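Following this line, the structures themselves.
Below, chain A partners chain B and then partners chain C, in two separate complexes.
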Partner chain A sequence: MDIQYQPKPQLLLSTFLVFFIIHDIQVGVGIQGFQRIIFLEAKQDAWISVILSGILTHMIVFIMIKTLQYYGSSDIYGIHHDIYGKWIGRMMNCLYIFYCLVTSLVILKNYIEVIQTWMFPQVPTWFLSISLLLLVVYGVTGGIRVIVGVSFFNIVLSMWMLGLIGYPIRYSDYTHFLPILESNIPAILKGTFKMTFTVIGFEILYVIYPHLKEKNKVQKFAHLAIAITTILYLLLMLLAIAYFSSGQLEKSIWVTLSLFKIVKLPFIERMEYIAIAFWMLIIIPNIMLYLWAAVRGMNRTFNINESNFIWIFSLILFISSLFLNTRMKINTFNDKFALAAFYLVYCYPIILFVFVLIKKKIKGFKEKQI
Partner chain B sequence: MIKKRILAVYLLAFFNLTGCAEPQILEEIGLITTIGYDEGEKGLIKGTAVELKIEPDAKTDIKIVETQAYSVRGLNTSANKKTSKRLLAGQLRVILLGEELAHQRMLHISDTLAKDPAISDLSYLSIVEGEARDLLNLQDPHIPNIGLHLFRLIEQNTKDEIMPSATLQEVLHRYYSAGRDPFIPILKKIDNSEVKFTGVGIYKDDRLVGRISTDQSFYLKLINDKYKAGSTELIFMSESPKLRGLSHSERKTVISLDTIHSNSDIKLVNKKNLEFDIKVKLNARLIDINSDIDLTKSSNLKLFEKEVSKEMEKRVENLIAYCQSKNSDIIGLGEVYRFSVRNSKLTKKKWHEMYPNAKVNVKVDFTMMRSGIND
Partner chain C sequence: MFFKKTLSTNKQEKEKSKDADNIIPTNRERMSLEFRRRLQNSADIVETEVPGTGITLFYFHTLIDMNLLHKDIIEQIKNQSFHSIENIMGQLSVGIMDKTNQMDKVIQSAIGGHVIIHLEGADKVIYARIASNTGRALSNAINESQVIGPQIAFNESLSTNLSLIRKYIADPNLSIEDIRVGKRTTTAVSLIHIHGIANQQMVDILRDRIKKINMDGLIDSSVLVQLIEDNSLSIFPQMVLTERPDRICSWLLMGKLVVMVDGSPQAIACPQSFLEYFQSMEDKNVNWQVATFLRLLRIFALFLSVYFTAIYVASLTFHYEVIPQTLLIPLSESRARVPFPPIMEALIMEFFIELLREAAARLPTKVGQSMGIVGGIVIGTAAVDAGFTSNILIIIVALGALASFTTPNYSMGNIVRVLRFPIIVLAGFWGFYGIMFGFCFILIHLLRQSSLGTPFLTPFYPPRLADWKNSIIRLPLTFTAKRPNQTRPEDVDKYNPSVAKEKE
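The block that comes next holds the complex of A and B.
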């Protein structure tokens, strides 16, 4: 396989779109209830954990783009091939493809769980799963431009949801934040670690990078996206702490949705129903992007036709979504996934960067000798 | 091509979520607007629901459905057995707790209701003196829909800052705070024709331990919250002869204040021996006074303001003393303690041991803004 990957000119994307891609893929199912998980660790200082996780993400993204820049126009699959050689490279690629699939499954399943708990308990999993996946397949077969188009529109279209934040603010009690820094540092760091599940997504850069037109502007837009996401999370975290008392926060599963439970408009009394239905627009491009990344991986590693694998992977996702059926199972799965994602998304880029550096050093050394 | 596909994804997404659920046609469902819970025999809960019916031919819009079950959820199921329409609680506005039940099971019921995504967190909670069932069965030609009547009554009084607000969210919020106890207003049926707000039930944890009067509830809000446009009546024995009332038999002074604007500040001044300072600032318009004191004179005005402040201080102190005697911290002094003391690791249990011995100094600063259009 080729290490370099140069997509056809019509498949190139304007660089500013990377902002929408990253912001959209980061904001997914995690945002619906991350506050509780962080709060359990860091108590009223949970917001510090959110800021720290934002800073950490900035650093990782910086390293990721630096790694990619060494290769000019390549993705993680090509880099793996270059660093590890054919066989180990393929193994690593398979691992990455597997990760993308599991992430799609986590998003799909968590969203279905929300629909079934909040809105339609009587609608069976298979039905929701199939209808969501068909949409995803439809998008992915359309190619990267369709996927990016959907994620662009969904951010524009879901802006109004920020306005809902205004309602719970009226019931906020700011003394909940005091005393600041009561939790010890390990607890806050543990909260930062637990943010993984919510902030991941930006690793899509590894796959989408060759498609971006102006490579020198990627840093700017990628960091802007991370910053906006962090601010959004910070806002929701602060609001949750101020609105709920500690006991309540420790009990509710989908804190963000519970926050919206009190929004009341003259023509519609329960806004969270709209919000949950609307969430579908946020979820779908996420699954699309991950599925696309997985399929692209298959294509790059084994040179197989992409379109078959879109269906095969969707079938796998569908079948596995039927087995994850109770809240308990989903929770355990989420926790295990978050741990794995932490190593793969936060630790692995650093290792890869070091490998790439060493490789380049050796190469340069050899060239000098000749 | 691409644009079409994007559009198609959106359209399909919308149809998906609007089309896949079972329809709920208004004529085929019964909306529960108010529900009352009472203690039944042998641990049963008696539920009384006000069902709003959409039936053009019926004389009244509502129907009272009474059932018994061991759990809140069980009530729904057994109530359904009695009606021709499926009962849904999405429009629930008022939750009534019978007096007996309110003593023990308030938390259990609120928790179960809050778990249900269909039920709004802004539903009002109220305790009923006597039985909730009795109140909901009130017959009066002027109250055709008791559910709506109760909702309007509570909403109106809460907005006018007469009744302390106790929505599901607020009650649970207070219960789940380490240093705060919940309170719920009490309603009473009078002569089978009226419903009246008669007091506020105060809790220690999840146990109803006492009640304060509607007058006292004014002071509860005064220290707990802010007034934007409240009103109150103050009747007191003045020390100064100038202020003595003319119309009252014991020559007590009666004053009436409105557009009360207030804010309060609670501070922990002594961590070891637990001492709090409560400072309340309040501005109001005087609309009625039964003595002939000339308030245009600044010395008289000062005297008047001082007397009123002193009287209010006394009342706040009484309220706090009463709450302390019942070990119920509805004011939230515990929260002040929690956020003022680092690493306090405050729990409800710990706070209830400390709270009764706390010393509270109250300072009220009353300013008369104006006195209507005539002096």
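The block that comes next holds the complex of A and C.
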């Protein structure tokens, strides 16, 4: 397997598209109800946790891109191969592929749960799962340009939802924030830790990096995307704290969707129905990107044809989505996934960076000796 | 080895005899026999002997201009004696003529509207082109009419159409390439581009695609489109047909390629983006504020006509909650007598509108108009009175149909109407989820398409901010001094904006 990966010129993407990719993949199912989870830990200071998690993310992304820049045009699969050798590298790659698949499953399952809870309690899981996965397969077989296109349109077309935030502001009570800094530091940090489930997604950089045209501009646009996402989360967190009382906030699972409930236009009410349906456009590119990353991993590690594995992985996703069928199961699964994701997304890049540094040092040392 | 040799000599001999067959007989009777034999002894073959010269003319009287034949050929050569055919050629006053000794060439030119001049004893014949021009005169553009701007449309004659283009673009770099398509029809197909603006790679790809066509006949350019577009399985056409010469010329100047087929009044232009189907030539002719308004209106109409009925069906079947109470009362009142579920009701009405439209399109113009109006009002009102549908649905369906007629391109208008049906069915079965599924599917489908290798959703994706100035909006001409990225032009600048804006 080659460590370097140079895609064909027609598969290269303009670098600023990385902004859309990262922003899109971060904003997925987590945004629908992250407020409660953070609020349970950090109470009215939850917004500080959001800011902290944003800062932490910036640091991790910086390290990730630095790691990638050592290799010129390579992805995490190539780097693993270079650092760990053939066999351990393959194992690590499989782990990463598995992570991508599990993430797709989490997104898929959470969205299906929202639809079943809010819109169609009777519609079976298998139908929703199949219909969503068919769209995903149709997109992924079109290649990376189509996938990024969907995430681009998702952001452009879902901007109107931001306008709806104005409604709850009218009913907000700003005394809910007081007293500031009542929670202690560990509680706030715990809240930051709980943000993992919501903010992950930027690790797609590890896979998409070779497809970007101008590698030196990646830092700029990636950080811009992270900043915008953090601001969005901060806004929604502040809004939730100001609008809901603490008792209400602790009890509602999908706080953002509940905020949509109060939107009232002359010809339309209960905006959350439209928002939930529209959410399909938001989660479809996310699943596509993760599935694509997994399939690309199979191709890079074992040199297997990509198109077969799109179907095989979708089948795996479909079958496993049938087993996660109760709220409790989904919740425990989400929690366990968040814990694993914290280690893989927030801790592992630092370790990988250190390994890469050591490897480069040794290489340089050896070359000097010769 | 020996065996092979005999085979090859056999082959050579065969070719030799074939060549001998192909040589023109010097004798008049034999020439006549051969000519008639090869052309299946058609009834419209005429053989005229020019008195006192030993010259015989062979031609199809259906293909040539008889006046020209008499004035330019028979008048010039009668009652003279000629020793060689070069002498005859000197006497004739025909622009396009040549000599040959090949029978194949003779047959080909006779079919193409040439007269064959045969001199007794000479080993070559002359073929001179005096083809008659049958066809209609140029007329107004009816299918793509506009108020401001040129009114002329292409007709069925390729040479007339090409002369129209030449008149608009008097540029030595305008390149017209002749390609023959169809084994039996050998239809003339012209590939037109402006050298130095159009991307050469695209020209090569398109030429290749046209040359690879292996069909018995090509009658119209709309068939050619289906043969050369990137994905003919898609419902969206990736190359556009137009009957307007001014439109074709402005596209040529943008760096697009144009294909014209002899006998077809519509030209093919490519690469084409999805958005361009919702732009009209008139947008360039009116001022930019109005053009922007009209373009936004058309995009709005697109969404209205595809999704409005579906939203009605979805909200009445599953999501009563999204309708405010004040609106719910008139809705339920008008639906109180309707026995069908909303999806049936909507499908019946949509089907009815489609019937009306199709009937109006097929009938002669005058009958069609009155039929449309009377049928619409009478059956529409009666349907409500009989309790078949609700008033509100009729408004919605009519709005959707009206909106679909705003699409400037006829074939795209059809597609917009067809797309409505699967979306309504999805909405009737799975509500907003179904509508969104349809929307996502169309979006992904459009993203997957390309037109001559360029993305179909350009300039929105891949995003080319510079080209957004002339997309669903149109900024003043001084802002759009560069050619669009879509055609990957070799010469980017249309004009120098600072000079163009200068006033004295």
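By our rule, the second predicted complex is superposed on the first by the 370 of 370 C-alpha atoms of A that agree within 3 Å, B and C clash if a C-alpha of one lies under 4 Å from a C-alpha of the other, contacts with A are read in each partner's own complex, and residues count from 1 in each chain.
Simple rule for what comes next: a residue touches a chain if its C-beta (ideal position, glycine included) is under 8 Å from a C-beta of that chain, and two chains touch if they have at least 3 such contacts.
This one's a predicted model, so the numbers in the text were calculated from it and none came from an experiment.
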| item | value |
| --- | --- |
| Partners on chain A (chain B, chain C) - clash or fit | clash |
| Contacts of A:277 with chain B and chain C, given as first, second, both or neither | both |
| Chain B versus chain C as contact partner of A:149, first or second or both or neither | both |
| Touching partner for A:9 - first (chain B), second (chain C), both, neither | neither |
| Partner chain(s) touched by A:119 [first = chain B, second = chain C, both, neither] | both |
| Chain B versus chain C as contact partner of A:268, first or second or both or neither | second |
| First (chain B), second (chain C), both or neither touched by A:166 | neither |
| Identified clashing stretch of chain C versus chain B [291-299, 399-407 or 435-443] | 435-443 |
| Set of chain A residues, in rising order, touched by both chain B and chain C | 115, 119-120, 123, 128, 131, 135, 138-139, 142, 145-146, 149-150, 153, 264, 269-270, 277, 280-281, 284 |
| In the complex, chain A residues that touch chain C | 13-14, 16-17, 115, 119-120, 123, 128, 131, 135, 138-139, 142, 145-146, 149-150, 152-153, 156, 264-271, 273-274, 276-278, 280-281, 284 |
| Contact set on chain B toward chain A in their complex | 2-3, 5-6, 8-10, 12-13, 16-18, 20-22, 90-91, 117, 120-122, 169-170, 172-178, 180, 335-336, 339-343 |
| Chain A-facing residues of chain C, complex | 318-319, 321-324, 327, 430-433, 435-437, 439-441, 443-445, 447-448, 455, 457, 460-463 |
| Of all residues in chain A, those that touch chain B in their complex | 115, 117-120, 122-123, 127-128, 131-132, 135, 138-139, 142-143, 145-146, 149-150, 153, 171, 175-179, 182, 244-248, 251, 258, 261-262, 264, 269-270, 272, 277, 280-281, 284 |
